[in-house]
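Next up: some structures, all given as structure tokens.
First subunit A sits with subunit B, and in the next complex the same chain sits with subunit C.
Right, the complex of A and B next:
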């Protein structure tokens, strides 16, 4: 390290810290367990990241618009329970659209509160995290929900099927990522999302109907949650009421890891996908190294803190500074 | 004066950023008891130089000498400890705290057990406030003060330390004329105590009123120091931009078109009352008045940001109700807002995207934004307005103030509005860009736009307007044509002195 000052190293770490950390983790895991780089393992990681990933795509819209969505975990539980219940009552063909409609209603409600009534998104979605959980438990009576005929239903294709040799959850993830990526980066709507998150006042002064944009972002988030719920339900064909519990933080971690700023106005779908994969590989690596599953919750928290720290460090080009 | 030991010397300061030599061998000497103006266009290096002085940037070469000793500034706190105090253009006060707490923040006087000694705090603060002749006391909550008074708090803060040099950065940007007088008194007071003052401003009248010497920067280089008494506006402008600035009275008399906008008896609560005026195509109507006279609020009403409590707005003779900015834009009204960074631009977005933001819905190729058309629009207005940027991908936040303002203007011109409202179009902008923007406004009028210009600078209003509406405390006092207006009757009208409360010219 001769010739490099402490300041330069600090600056480099501040800007590229997440990538550096990721590479260090990957090398460490590979040395600790050769299976880590096995194609089957990699495929497994991507596959198990798909649900988280789909949810993160929607939350990316919300975060770029300058808001938060902490309700996605319990909303996903809701979608999963509802679609499993309706599967046996009205059949999968009707259950799926019904579940999507109900989930979108929840998203619209949040969007109304945050967008039109301009309530703080942290408070609204934190409250909804709890409220939707209660709604789910009320709906199910607290019982686990199971499909009667687990072998015979075509419903399992979304979680367990393959197409073109690729697992359907991954296909759905990729498909949504492409469509939503194009929506965000190529369309007028996407442009407005960045403007609203970057400077809401200036967006209003440019004639952008801010409330409508924020509302639509929460609809996007709900749409992704419904898709995630579909995959989850189809994969397990039976579920507890708490299946999505805690996912909201992992989703947020993935979005922030990808480099979206919590202040809004920056981030991309592609970066979120990278964030999802980083999170997935680190969690998988920790398992392969032999850490207990439960340690993951702590690790996820550490990663969020690290990501947020590096996010602000990157902006000021220093790891630490007396002024923000 | 020259035989005195300078309070502050900057010698041969060089500061480079990747790709830019922001400061190239800049020197500046401040004597005790002098007011030293630092002038230059935006981007000339004034801010960078002050950041070096304040310890926010470290110079690559050169040194800072405070009194007789070379000093290395590593932080604003250290600069303050050495007696270098900054009064910033953008305020940094805690709104929820009292005036006294703000002034002594971080060094509140203590009693036993570390409790705050409120009595001492208030006594000391009131002593300072008395010197400043302000009308609020130590216990006032800062958030309840006007911007001007908040600035006084900021100045009071500087008076608590044994200041050797005080730097004022555009201190009068948001002050009324009466408040300016108080500020200048304060500066004179500091002067008499032997404090050296660096005064950064774009406003010539102030520079000539209060400064002793003027140093000019251009493109990061030092262009020279002049004695204020031995120079004039033209000479300084030439040093700054290498050419002359035209601020003559507007004298164009082209044909006016139909009435594009008419306002009858418009009121908005306490903000303004019974406002009536009209703007014809091809006409520039200037709105002049003190801060708080209600001019910006009228613009905001026309742009759908405020609901009028009574009165009517007519566009092309047709009565309209404007509910939102979106609505206003649909009806062909554009507003270049007062606060460029807060209201005009998304600083983290690139130039092109900012410029096309209001019309992004209409620039489509299939479901996607037609980036080609966007770039075409950007190129067109970059050339027309002479916007200096490396390319459309540049983030707007990285441009100088003048170029940022041109992006905002380009954004609204590209909408081809029927009525263009520009609010403080040249605030905080350097002389060169200023005159370009003035010329542009005149040119727009000749092209048949109906233009409203709101400004707090009299030379600007006189220079660009065909008619001038003078406002005082929410009311129109008088409307002048460019022939009948004089500086005197204009000042009287906006001070509420003129007894004539009628529109003389409809």
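Right, the complex of A and C next:
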């Protein structure tokens, strides 16, 4: 720290306030229960956060482009149920691409409605939340979906496998985060997403085809959801129809916690990943501390609000707004 | 109004004609279900109910489904009252909100049987009988299954148990937990229940909860889950962590639980058949219509199932 000036430290805090908040919570939970930092526990939390995380990556694109996606929870149930059902009918090699194709169709449909027809994304995706849930139930007839041969299938590799000593869900999450992070920060497409979300009219006058950018963002979201469904299905090799229920709000919380603006135009993949990890470690930390469940609801939100506050306070360099 | 009256009269006339032609009395029994199609239990229940009603020549069934919607269920109750059915079976979408509709049926002289999960106590005066599982007994039986197994293993004096309960606030979850919590110290006073956390009836959530338990406690001998879906989630967590020798006991035996029992990974559960549930509801209403004495809480039996006796039970369809 010796070589850094006060300004440099301040600048770092302002950029990475959420990271600082994350470290503070990690220290807090470790003090409360030493096992929190156990490598097995860390690995377990990251592995189970991978599903939420993969979904949050896609939603980050949608949110930066100035829209919302509340359909991801239902859509994840849909992909999970479809891939489990098709696994026994046409085999995993065909079931996986078929499920991706079906999920992408849903994403394309939403992208068409929001991008090309310019319908309000909140209304469209809120509607799709129940519509896709209905679709899933119709597809499955309400039954739980289970793979018959749970021991023999290679399909379990996506959720339960290891490569290089790291669980496959984590690898998929990291891989997607790196690719999508590069796409967002290093390519013309990425800059267009920020432009469309930041100032749509200006973007149009700069020759950016807004509809196409928004459409592509929803495709990315669907692609991520399909990957999440694949991990989920492979992790438990069986599922209820409601497996993704409520995840849309957790995903949105993670994205916003990472600092993306609901108004569009700001946010990064890296910060979304931090947001996802904060949520995952809060849930796990509260379980390890052994707080009574009803209290956990409240405490979770107190922590999230604290994190957002720390982030904003770091950005403006003061704990409260000077012009209140 | 005229048309509706005419309809009601013609329905009544048809019912009378039926009654006249059959040798025994014919009853029209209406049922409004909670949310068919949302899970396999309810789907199977509906099929079994229709089959049982078809098999009984003295019963005409009007089968409705509220789709989980309280307002629609109340409207369906009013329709059934309007149709002047002989008895109404209701699977409440909400234990409180349906009470006024149940009261209306009661005032119209139509006996109401509540099935599967009961309505709130202030509505009991308007209900002829409740037909369903006894969740407190289910919880105590799970405690007994677990205790018996510990005794067989010789660890009844030191075993440590964790519990994964159903969704907080739901009667079934609360009652099963109460049954388990109360019974375990009676049968196995030296077994410690170290912690209870909810798994929300969700396999994935229970897996997460169990992962945290496994990190927190080096020594877990038994897991009680409020249903097999959650129990299997916990089992998956233990398998992934390589922790062996844990005794898993659930409730509401699902096919996944039954299969895990076949593989020897899951010790036992409570067998609750949606077919028995549906048949018991129909039986209860027929008994009431025939004037047979029926207890107010008319539970159908939900026996213990373990790896030892599972051959006596068919694999659940849900």
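Keep this in mind: the second predicted complex is superposed on the first by the 264 of 324 C-alpha atoms of A that agree within 3 Å, B and C clash if a C-alpha of one lies under 4 Å from a C-alpha of the other, contacts with A are read in each partner's own complex, and residues count from 1 in each chain.
To be clear about the criterion, contacts are C-beta pairs under 8 Å (C-beta built on N, C-alpha and C of every residue); 3 or more make two chains touch, one makes a residue touch a chain.
Since the model is a prediction, treat every value here as computed from it, not as a measurement.
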Fit-or-clash call for subunit B and subunit C when the two complexes are aligned on subunit A: fit
Based on the superposed arrangement, let me know which partner A:38 touches: subunit B (first), subunit C (second), both, or neither? second
Which partner does A:192 contact after superposing on A: first (subunit B), second (subunit C), both, neither? first
Counting residues of subunit A touched by each partner, does subunit B or subunit C come out ahead? C
After lining up the shared chain so the two structures overlap, which partner does A:232 touch, if you call subunit B first and subunit C second: first, second, both or neither? second
Figure out whether A:118 sits in contact with subunit B (first) or subunit C (second), or with both, or with neither. neither
Quick one: is A:137 in contact with subunit B, with subunit C, with both, or with neither? Answer first, second, both or neither. second
Minimum Cα separation, subunit B versus subunit C, post-superposition (Å)? 36
In the superposed view, which residues of subunit A touch subunit B and also subunit C? none
In the complex formed with subunit B, which residues of subunit A make contact? 182, 186-188, 191-192, 194-195, 198-199, 201-209, 265-266, 322
Can you list the subunit B residues touching subunit A in their complex? 75, 303, 305, 324-326, 328-330, 335, 337, 342-349, 353, 357-358, 360-361, 363-364, 367-369, 411
Note which residues of subunit C are touching subunit A in the complex, please. 36-40, 42-43, 168, 195, 197-198, 202-204, 207-209, 211-213, 215-216, 229, 232-233, 236, 240-241, 254-256, 259, 318
Interface with subunit C, subunit A side, in the complex: residues 33, 35, 38, 40-41, 44, 48, 137, 141-144, 146, 150, 160, 232, 235-236, 238-243, 283-284, 287-288, 290, 293-294
